[in-house]
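Labels A, B, C and D are assigned to the chains in the order they are written; within every chain, residues are numbered from 1.
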Amino acid sequence: MTPPLMSNEKIRKATTHVSQNEGVIFEKSMPGKRGVALPPCEVPEVAPDAVFDPGSLRKAIEDFPEVSEVDVVRHFTRLSTWNYAIDLGMYPLGSCTMKYNPKINEYVARYEGFAQSHPYLPEELCQGNLKIQYMLEECLKEVTGMDAVSLQPAAGAQGELTGILMIRAYLHSQGNARKKILIPDSAHGTNPSSAAIAGYQVENIKSGERGCVDIAALRNAVTEDVAALMLTNPNTLGVYESDLLAIVDILHSKGGLVYMDGANMNALLGVTRPGDSGVDVMHLNLHKTFSTPHGGGGPGAGPVAAKSHLEPFLPYPLIIKEGDGKYSYDFKRPQSVGRVRSFYGNFGMLVRALAYILTNGPDGLKKTSEDAVLNANYIRSQLKGIYDLPFDQPSLHEVVFSDKLQNKYGVTTMDIAKRLMDYGFHPPTVYFPLIVHGALMIEPTESESLGELDLFIQAMKSIAEECASDPDLVKKAPHNTRVGRLDEVMAARNPVLRWKPKKP
Amino acid sequence: MTPPLMSNEKIRKATTHVSQNEGVIFEKSMPGKRGVALPPCEVPEVAPDAVFDPGSLRKAIEDFPEVSEVDVVRHFTRLSTWNYAIDLGMYPLGSCTMKYNPKINEYVARYEGFAQSHPYLPEELCQGNLKIQYMLEECLKEVTGMDAVSLQPAAGAQGELTGILMIRAYLHSQGNARKKILIPDSAHGTNPSSAAIAGYQVENIKSGERGCVDIAALRNAVTEDVAALMLTNPNTLGVYESDLLAIVDILHSKGGLVYMDGANMNALLGVTRPGDSGVDVMHLNLHKTFSTPHGGGGPGAGPVAAKSHLEPFLPYPLIIKEGDGKYSYDFKRPQSVGRVRSFYGNFGMLVRALAYILTNGPDGLKKTSEDAVLNANYIRSQLKGIYDLPFDQPSLHEVVFSDKLQNKYGVTTMDIAKRLMDYGFHPPTVYFPLIVHGALMIEPTESESLGELDLFIQAMKSIAEECASDPDLVKKAPHNTRVGRLDEVMAARNPVLRWKPKKP
Amino acid sequence: MRYLPKSDAERQHMLQTMGLEAADQLFSHLPAAIRLKRSLNLPAALSEPALLEFFKSCAAENATGWVSFLGAGMYHHFIPVVVDHLISRTEFYSAYTPYQPEVSQGTLQAIFEFQSLMCQLTGMDVANASMYDGATAMTESALMAQRITGRNDFLVAETVHPEYRQVLLTYTKHLNTKVRTLAFAENGQVDLDDLKKKLSDKIAAVIVQSPNFFGNVEPLNELAQLAHEKGALLIVTVAESLSLGLLRPPGQTTEEGQPVADIVAGEGQSLGIPISYGGPVLGFIATRDKYVRQMPGRLVGQTVDTGGRRGYVLTLATREQHIRREKATSNICTNQALCALMCTIYLSLLGKQGLREVAIQNVSKAHYAIGRFKTVETVEVLFESPRFNEFVIRPKDRRKFSDRKLWKHQLVGGFSLKRFYPRLKNAELMCVTEKTPKASIDALVDLYQNG
Amino acid sequence: MRYLPKSDAERQHMLQTMGLEAADQLFSHLPAAIRLKRSLNLPAALSEPALLEFFKSCAAENATGWVSFLGAGMYHHFIPVVVDHLISRTEFYSAYTPYQPEVSQGTLQAIFEFQSLMCQLTGMDVANASMYDGATAMTESALMAQRITGRNDFLVAETVHPEYRQVLLTYTKHLNTKVRTLAFAENGQVDLDDLKKKLSDKIAAVIVQSPNFFGNVEPLNELAQLAHEKGALLIVTVAESLSLGLLRPPGQTTEEGQPVADIVAGEGQSLGIPISYGGPVLGFIATRDKYVRQMPGRLVGQTVDTGGRRGYVLTLATREQHIRREKATSNICTNQALCALMCTIYLSLLGKQGLREVAIQNVSKAHYAIGRFKTVETVEVLFESPRFNEFVIRPKDRRKFSDRKLWKHQLVGGFSLKRFYPRLKNAELMCVTEKTPKASIDALVDLYQNG
């Protein structure tokens, strides 16, 4: 094994340091330990078998953890130190918009008045929550240039499904729900998957030479069978679909609609509004553009924004502001696609997103997009030539390189990604979009300082040199993490998906 | 340089992992960056030179940081990851009682009603604060067996000073403040220092063969010049001064008093009360026994507890509970030693300490001491023979070994301490108490599980083997930390105590 | 702009390295026609104190600190502060999905533990890394049942949470799927006769909730037997997952070794997650090993690294949208990972004994309340079958007093069932948990008694 | 017992390895006579919910959310939530004093930054790692002056915070030290004639506060000249350290190159630390290089490791009690490190511009209030010399309305000076900061106006 590399001239951003080991929580269990003391019950305790048929009761849960509060705190604190995090450094996952999560947002979302409010509180007793949702809807309408918003979808993918279901319901109301959804081959996997769940056939359209929608090909593909085009814009190459107006036209002229995946809106705040280009419906990822934390995989929030002709089809309930300034829910939405999740969406995320918008204001949001685009272009300009840039279109918020120049040394994108860990960075998104072979998709976001960007660029350059001078070093990376490269094949071949006690 | 050791058979508790580098905050500064937006001023802004003589105004502060919120969050988050912490593992610093800091205590101390309360609020408007202090005083009286408590001292050392000043004032009121304070040579440095600040000569008394106060020597030393004996009990060897009753007698019979350094009360909760043994005045370290966090060096709280004859001399104000259940401050304390700090002590720490006591209750506190003593004795029993135990008296909450057995390989206590870092532990207290040459003072506290204790024991045994088999490995430790052994001599010879911009 | 770590001079410098002069040029390739030519019409930026003030005032417009008897899918339970303390570590909340395992072992191991705990709670072999909420978990497990059985239709008990049923409809009504409801019997449980009548070989799954929407525990063994006889799966949804601390896990076989639930899908909010107006909460799905490849959502699996050290990775991704695209088992991508972490911490703290004790406190307090209501002549207690912490009452004359009267005492009454069950006009679903003070129960009952 | 991570079986096992049977045997060597033979008479253990309830009720007995005009040494300033977020990292708050630098670089570098910032703010060469509070910082700097000058006595302005002066007395009255007070002139500043009269070659230091207890800025240059002429040091204490963002740093020399303060010792609470009923707060001492070996308290210094990498350690420990024992410069050991960290984070966030702007907002709002009070006929504004954010008013007839009347409006008036200055009966020290809403100032003035 290559000896782990300490911080050195090459590796400037990081070094190595002691890191605590820790087994799974079950391995810390010891009969009789407790992590919580309950208050006394206040009322006479009822024996379970006095209420339930003994057959419907469970025995003590075998092997369930028994640990003290100290054990729990140590366990999860130690685990936490094994993670990379935004507050530790740049997290350049393309398409993920890993921006700074403001602490003030975490603070306000935890106000008791929000955190303890029950979704079935009478409207009069939760006007604050209604107001927040209403304001956020107004803000998102303005940012997108759309006419109506539903905050219900729990994440981007659910926003997509909701939007496509709305398109279906709309077209159905026009007499024909149609059969197909067109999706560029550069799209995120959730797009085809959402379209399929909405009952549509998916037809992939090949990207043109420049990585964008090929207008001629699109024109051919759009028939009366096509319900809609799902378009990511800027697309997953970080490139603005400059033909958007024409694209919209093509669809509309055949009675089809345009759905926009707004996951990449971080490039466009205050710059251009999809609604103004004729997009019919779109979703936003509040956990990308609007800074709500990713939480190690979720929760997010994927509001849907639509033009007025689609408004009747939004999920119920909608929020209305009455003449007297009071807010209420409107459940009587006969054309609605229905409910896509219980209650009102991931409300806690909505609070955070509104806090983000109010803190930034219109100028701040615009500057945010400008800086995000500036950062991506700066990286691009510094790494171009060192890494292959498969599409030379102007970049917005992210830039996609490939491993082509490194392949000749037997090094792949995955190796480069792992080696970046030794340099103290989280890797970029890899092997996506699928239209780029060996893609390295880099989205710095606006949260990176020039210093951090320069460190990243230096690391990428240094790795490119290593690929030539010592390819094995890169291929065997990471060396400085607490575990080496993990065997994903074995995990899938012989799935161990839960802990079980060792057989004695 | 020895290559850093990864987790292996020997080193079970830890491995190494990437760790972010970070310069000082000034090095991240860039003119024009900001970390805060102020609200508008609401009133007309006053030009400073309209109020102040221009000569009394400052220019912009040269080289003061200009950074964004993101920079600040990253900076301090990265720094934090360079620290060891209780929630990462055992922190066996002897005499420091590094126990678990309950999270609930942090939570309640931050209630706005406490955190935002001004010390000059009229008593009627801060009854909650008065009640908390009153209750804590009552609890501490019960735990110590003393008659009165002042919560004012900010830390243990200030508690000592307060206590000695009270002794001086008391003796003075009896006609003669006397000249000397006797202090065993095993005492913590704050004891002689506090006595000196209180205007006393310090006379060291040599510990007896068994590490405890030598009764005969003491009897000789106690004259009419002696104001008091300052006694740590259990002493800094972790040994109970079994002759306490005799010691008290000797002092009292000559008109002297007994001050007890109660820093080690974690051994004695519910077991024995200093007041019941005749101690006149003592302090407690709430940041040791009562779980308030150490904060990287403070704040703490060092309440003083006294017998009734010393009560008139406590710092003012005292808290009284009136007949109607209202609380108030009593400032009219003509014999008081005066005020030792502003306001009412480290109130936030008092809230935490009371929360700790109320959570544990009487049984929990006793069990706490039992477990603390059990843990120390378990370590002792496992490491005895492998490390030299200079004093064979029964241990309470801590055990003191020496490096005698390792010296023959050229390895010292400091080397062993540093090598423990590679094993994922914080080192014990080293070279204290002074009466043990090369002391390794180990206080596990009750917060350690059997698993963690066993890992520690295994690490200590493994290091002992390394001392014999590969002494250089130990002498050059630590190897797995982000910086190697630091040059303390250079730091003191050529002090660089503040950042300055590099000269261009 | 305090979130933007750049000075104007730095921006200028960066632009210059690219031969640009102004940031606007970065967008110059966008068609002029679609550029926004004005500022966004949004409120001006707020300082931090002003922001705090704003949200404080919003929060104050909600009833805060009141005692509520609302349950119906979201439950007020006590959550130790340790949970929030730990999830507030930036390494947890600001991390992304653990696609790169070598720098994400903390999240991965925690999810692995979550999966393990959910298996223990539900009596199943395998559980996924989370779903959006109980409603979508149930819905996606229905789609899963379609894939497993190759059948299309569902029978859903009317005692399943009405909003869960609404979501199921949303996800299926455009497909060729029939969703029929099963009536409830007088004791509040599923009407077995109705089930027998409606079961057929078109039915992919029978879907019930237990404890059901009225708080009653369903006769799962009987339901399973009937469903399985016709080749349908039994999906058990659990909205009050704390009940799993006391009740027989639906995934466990009967005493006779017969399978009961084939999929357990539910809502984990009760297990350490603040109610937060209904979201973010925690959907979960657990099933048997043989169905794992039909499961939606992420899964973490154990593996080893190059040095043979144990580690964890996302696995079986061929089920998922980023690999399988339109053929994926689900479109879910971002899930509710942080809520799963809360649940993992909560369950670790409560532990074997604590979880059982809390469950028993819920039963005890609810039954205390039921007992009290039974002494009130003007109130009827409906649905006499075993209950966990919810029950239905029907005041004979609810007009006797208004909700407002309760509000004056900072009490919020139960959930009015007429919204979803017009037949049950005037009936209210009451929830009593370990957090409901006895004094509030007494006060509420007194108000119902005396108006 | 949730803080004790051991089962009874484990305890038993551990005891057995030592040949013991019961934990009590661990204490059997203690004399029986002094063993406590009963349980401690303390309240029974509280569960977490009960504990929260208790402290919530205590907090609610304090006036919460009111607007107060109290200052007098503790100041209400806005603190960004980032400060608390960061100090809540367990690696900061649960760490010990950084005696072992290789595993404590986070704390050490942060203290080094704190020292650097305090030097910048005070205009001094060197600052220590913190003292308990402003009062003890001032007191210990007085003792330091004794060591430096070899002299014994002090002249202390009566406009120094009265509690600081009380602490100075506590620390010195048993020594052979005379502490005399300096009167204040009609404009609120130190009476220079009184100073001239009282200065002698016995005086170790002249001690003043600026802005002083009445809010007035002292004429430091003149004071320094007079003190230095007689070989005394000038100690400047600062209670409202935010003023250092705007006012000339006392450590800076005059335009003519003359030294002003020799030691600056004060209270840093204003710089990011919650008021918390007066503690924990943040004492600091800064001085010139030449006096560093007489400084009390910890110091962090820069050094290198075996590989030449930059690092930080505690240094110059030969001044301290653990090395020098009775000859140490101070007995301080535990200090206020976490508060120093808060201050470091706060100053980093505010930065060069922000700090100045907050200071100006304080001046502006205070002067707005002064202006408003000057329009009230029945109120006199005392002490006409430059002020930062505090000022003294004297209502001609304070009986016109009671404090209770203010309280009804959730306002708390100024600090009544008669407690420390019987001569100033009826006078009140008012503090107005950036946090005081204009509306509250207006409301207060109106109440003084209209009774």
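We take it that a contact is a pair of C-beta atoms (placed from the backbone, for glycine too) under 8 Å apart; a residue touches a chain by one contact, two chains touch by 3 or more.
Quick caveat: nothing in here was measured; it's all calculated off a predicted structure.
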Tally the contacting C-beta pairs at the B-D interface and at the B-C interface, and name the larger one.
-> B-D
Max Cα-centre separation from chain C goes to chain D
What is the distance, in whole Å, between the centres of chain A and chain C, each centre taken as the mean of its C-alpha atoms?
-> 20
Where chain A and chain B are represented by their mean Cα positions, the distance between them in whole Å = 46
Out of chain A, which residues touch more than one other chain, so two or more?
-> 7, 18, 30, 33-36, 38-39, 66-71, 73, 77, 81-82, 85, 87-88, 100, 102-104, 106-107, 359, 421, 447, 449-450, 478, 481-482
Hey, what residues on chain C touch two or more of the other chains?
-> 1, 3-6, 10, 45, 48-49, 80-82, 85, 88-90, 103, 309
In their shared complex, at which residues does chain D touch chain C?
-> 48-49, 78, 80-81, 85, 88-89, 435
In the complex formed with chain A, which residues of chain B make contact?
-> 3-4, 6-7, 12-21, 28, 30, 37, 68-71, 73-74, 77-78, 81-82, 85, 87-89, 100, 102-103, 421-422, 424, 447, 449-451, 478, 480-482
What residues on chain B touch chain C, complex-wise?
-> 7, 18, 30-40, 66-71, 77, 103-104, 106-107
What part of chain C is in contact with chain B in the complex they form?
-> 1-10, 45, 47-50, 80-82, 85, 90, 103, 309
